[in-house]
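Here's a structure for you.
Labels A, B, C and D are assigned to the chains in the order they are written; within every chain, residues are numbered from 1.
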Amino acid sequence: MDASMLGMWTFLITEVLFFGGMFAAYAVYRNMYPGAFASTSKFMDVILGGTNTAVLICSSLTMVLAVRAAQLSKRRDVMLFTVLTMIFGTAFLVIKAFEYHSKWVEHLIPGFDFQYDEPRYQHNAQILFFLYFCMTGMHAVHMIVGLGLLTYLLVQAKRNVFSANYFAPVEMIGLYWHFVDVVWIFLFPLLYLIGHRR
Amino acid sequence: MLASLPLLVADLQLFPPAASAQAGPIDELYWFEVIVSAIMTVGIFLAVIFLAWKYRRRANVRATQIEGSTFLELSWSIIPFLVMLVMFWWGAKLFFAAQNPPKDAMEVFVTGKQWMWKVQYPDGTREINALHVPVGQPVKLTLASEDVIHSFSVPAFRVRHDVVPGHYDSLWFTATKPGRYRLYCTEYCGNQHASMGGWVDVLDDREYASWAGGGSHGSLAEQGQKLFEQNGCSTCHQLDQQGRCPILRGVYNKPVQLDDGRTVTADDSYLRESILDPNAKIVSGFQPNIMPNFKGQLSEEQVIQLIAYVKSLSPTTPASQQGVQQRPVVIAPQAKAPAVRPPQ
Amino acid sequence: MSTHHVPIPKVGTLVAVWAALIVLTGLTSAVSYLELGEWNIVVALLIALTKASLVAWVFMAVRHSTTLTRLFCVAGLAWLSILILLTYSDYHTRDWTYQAKPWSTNKAAGESR
Amino acid sequence: MATIAHGTHGTPEIAAEEVNYLNVEHGWKSWLLTTDHKRIAFLYLISITAMFFVGGAMAVLFRINLLEPEGIFSAETYNRLFSMHGIVMVFFFLVPSIPATLANFLIPIMVGAKDLAFPRVNLLSWYLYIFGAMFTLYAVIRGGVDTGWTFYAPYSSTYSNSYVLSAAMGVFIAGFSSILTGLNFIVTVHKMRAPGMTWGRLPLFVWANYATGLIQVLGTPVLAITILLLAFERVAHVGIFDPNIGGDPILFQHLFWFYSHPAVYIMILPGMGVISEIVACFSRKRVFGYNFVAFSSMGIAVLSFVVWGHHMFVTGEAMYTSVAFSFLSFMVAVPSAIKVFNWTATMYKGSVSFDTPMLYCFGFIGLFTIGGLTGLFLAALATDVATHGTYFIVAHFHYVMVGGMVMAFLGGLHFWWPKITGRLYPEAWAKFAALIIFIGFNLTFFPQFILGYLGMPRRYHAYPPEFQALNVLSTAGASILGIGYLIPMIYFAWSLKAGPKAGPNPWGATGLEWEIQSPPTTFNFDETPTVTKEAYDYGPLEEIVG
């Protein structure tokens, strides 16, 4: 394994701890306010969240296929799968934007005229929504960075830089993209599937 | 300033007075640590000086290359560690002993606010930046913060506890020496942090009796009762008749069944939360969203008065009764009926 | 300069992992509709952990990686658990009270009079 | 290493116009766009020195304020001074001090590499540092921030009327600079070691910085997200640390100290590495118990992550959690003690000389011992309650940070200055400065231990009059200390221009860095060295004690 891959793994550990701070806060408050957390589930669109999970998993598949194509020196396939990954990534962000918009319409953004239909949870539910926006927001920022990296990959692939002898950048960006997927795999059940749906 | 130098030296203090029951034991641990540290420091200093001088560089004398010694490494890991275990055990023992107040502790309420300490006594007396306590009597302070984190500290008593907004903190001590001792805020709380301090006066029994004259506005509970009526609490929380709200008589420090199945003790923190954010915990059998939020409407001091009033409705309960199991009181007759979860 | 020889994954394996991930996503959504009490979160986290492991093991090629990479993965998880568990332990044990043993209160009260 | 004797690469004696990393290129572009780890280290050296004097000036000002019990400046001014002092010193001096300068310069050379694993990332790290420093300095210029370096919520998120956002963003950005430095070191040590440079042959300085890198990589991101959550909370006026919606301000402290306690080891571990190098060189001896010293660095790195709760014993943290943290805090003292004993034992049967770096090394051992032992008072629950939030804490961590870390930094700078610049400095002046700093330091901070147990709270702009004598003493010490720090500035500046040429190995030390010319060439080695010897090979092993 070469230095750049080790560097990428080290960076990903950093990322784990970066999101870890928010997961720790989530664990603490979920234990502290189980009712308020459960009550938010009716505002979380499981269909959209689930679709987004599937979209990201698809993008992970196309990403790993792009890496495979690079290992096999198949330039056209690298480009094809990179573009597919970017399409899935963009689709994820578009769906996310719709969700954010509906939160805005429903006054569920803490600090911006937050209104909750259950006054008993008016205070504590804000904690969950604050965490929801921080966690998904940070995740979305990582997605946007990832799309930037994929664009770079596409340009490089077009210039025929990658081959079976040199594909470390594809591998590294692949690792990053999968990591972002893994974060979402945890965010989905923790944010969308909290309460029992009746 | 130079002219005042002799004065400075005259004022020079090197060790704080020990004026509480816990100060002595903590000082013993402190001196144990000082002595251990001094032995270690002097030992290391002497060893460095001795070795550096004895093996100073001389012509034609070469250093002897030594790999190391597992025996030495293990001994200078394990022996200090054993000494540290003593410190750990000692420190933890004193810390545990200082956790909960004795049952007969006198209760005083302290509210931290940028930048003052507001003190309220059960008899209704109020003070700012001053605390009067009788000698020899365990005193429990219930600490509340109106804004940011403060820390209540009396060095002469070797006690300190942060006052975190959002819940009650507490500490206790037994003053042993009459006198005046300084009181500080030791958690940085903003601009005038340094002026958020005052004096603790430890009075002997006679002095204390003459000082404790009672508040001009009645006892804390009476002040609370006034608030209870002014804020319309009494329209729902009727004293003896079940309304839309739980009866408060006899509730203090008793277990309460909540609508989500949990049971909590109706202690100070619970009552505080139930006043400021009443929907946070709903007693089983009652509807949420009936009582208005009093967050922002009542100051922490007023909340303390209200709690004192609620306490006074449970007259047999001593002031401090934590951790004592009691027969659950039925405060909601409906709770006996088959539990029906209120529709949400 | 990727001179290391990573075995090239089979497309079939990758698609199989993808299918498993999709199925698990459906499963975790479905399970959330069952009333399992405390176990809902446990099941959800176990499924998430399985999915994450699949992604790491196959897509991120940990299965072909060196011991060092695996060590780094484990370290990341270990430190994450330190952060969450020790923080959580504070909140979880705040209610555990301790009544001072008689000697301490007696001593405090006794010495003072 | 191809050969062991000095100066066998290229010409043994330095010719006046020899090409080195300093004179190979000229012009500001050649510096600002460089990817040479040595030039970046030099850029860092200039930046952190500037920040050190910014932070130091603030310290002098607030020490002057404390001459009078009622204070000389307004409370507002004082609060901003001590807060900015803390923020600048911790995040912009202590954390990057040794790693970004000495280690940046030396690690590639010590492991026998041409550069770090990611030279461009290294440059990016410096730009992030500068970018972060600009945010923080902007806050200073606009009037400062008054939250203390700890940014405790809810004061910082809601109540403070100062430039919290700008200062916090500066810290956030500088955090990434620190992460990238650590990442670079970890990968370099794993992947860039020359043939024959096994883990057991690495200089202890490299071990220490490797351990530091782990802490930087694992801890700093948690600070970053905590600061970010705080910033969001300040902007949105609501957030997870806000007690008004049921948030717990203590959670901020958990997350903050998860980084900031290990961060004190980010600050001290590289210093310990420097001391290992110095004590070996000036005793002409292999470090006693190499393996134990190396592994104690790793032990410190791991244990440092499980002790943070000892900052919160009086906050209402659960008592059983506090007891666990107290126990673990005592554990972390063991590896530190091992190091001190081994350095002392290294001098046994050595050939000890008293050059300036060694004087700093003595200072370090003494002051770090005091700093470490007073840490035990704070790990023990009962005495922590009595001393928390007082000057005892201030004295304790300054003994470790300034008495330990800054001593080690200055020692290392004096040790490797001839390598970095190719010039010698005036030895007599340097010894004098070391003495002044030692005296000034103790005079400043020892009285603060006494003040602390007396109960004088930290962060007070005014204090009860009975504490004046000790405060005057402390301020007197601070002025001596300040002068002590200025002297090296002057002679280093002089030495840069007019110091005598140093030659490749003025101290007669071992290690790859002393076998190449001073200053080194851009790629350090003409050809990749092959290492055949152990570290600190001052002669054949003759004796095994015990």
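In this text, a contact is a pair of C-beta atoms (placed from the backbone, for glycine too) under 8 Å apart; a residue touches a chain by one contact, two chains touch by 3 or more.
Quantities reported herein were computed from a predicted structural model and do not represent experimental measurements.
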item: Grouping of chains that still touch (sans subunit A); value: one piece
item: Central subunit by CA centre of mass proxy; value: D
item: Comparison of A-D and B-D by number of C-beta pairs in contact, larger one; value: B-D
item: Euclidean distance of C-alpha centroids - subunit B vs subunit C, Å; value: 35
item: Distance between the centres, which are taken as Cα means, of subunit C and subunit A, whole angstrom; value: 18
item: Junction residues of subunit D, two or more chains touched; value: 190, 218, 222, 244, 246-248, 250-251, 254-255, 258, 316, 319
item: Touching two or more other chains - residues of subunit C; value: 68, 75-76, 79, 83, 87, 91-92, 98
item: Residue numbers of subunit A (touch at least two other chains); value: 2, 6, 10, 13, 17, 20-21, 24, 28, 32, 123-124
item: Subunit C contact footprint on subunit A (complex, rising order); value: 1-2, 5-6, 9-10, 12-13, 16-17, 20-21, 23-24, 27-28, 31-32, 46, 50, 53-54, 57-58, 60-61, 63-65, 68, 71-72, 165-168, 171, 174-175, 178-179, 181-182, 185-186, 188-190, 193, 196-197
item: Complex contact set, residues of subunit D against subunit A; value: 117-118, 121, 179, 183-184, 186-188, 190-192, 217-222, 224-226, 228-229, 232-233, 235-240, 244-248, 251, 254-255, 258
item: Subunit B residues touching subunit A - in the complex, by the definition given at the top; value: 260, 277, 279-280, 282, 288-289, 293, 295, 344
item: Partner subunit A, residues of subunit C touching it in the complex; value: 1-4, 6, 8-9, 11, 14-15, 17-18, 21-22, 25-26, 28-29, 32-35, 40-41, 44-45, 47-48, 51-52, 55-56, 58-61, 65-66, 68-69, 72-73, 75-77, 79-80, 83-84, 87-88, 91-92
item: Subunit D to subunit B touching residues, read off their complex; value: 67-68, 71, 75-76, 79, 146-148, 152, 154-155, 158-160, 243-244, 246-250, 283-286, 288-292, 313-316, 319, 322-323, 326-327, 330-331, 333-334, 337-338, 340-342, 344-345, 347-354, 362, 365-366, 369-370, 373-374, 376-377, 379-386, 388-390, 450, 453-455, 457-470, 472, 538-546
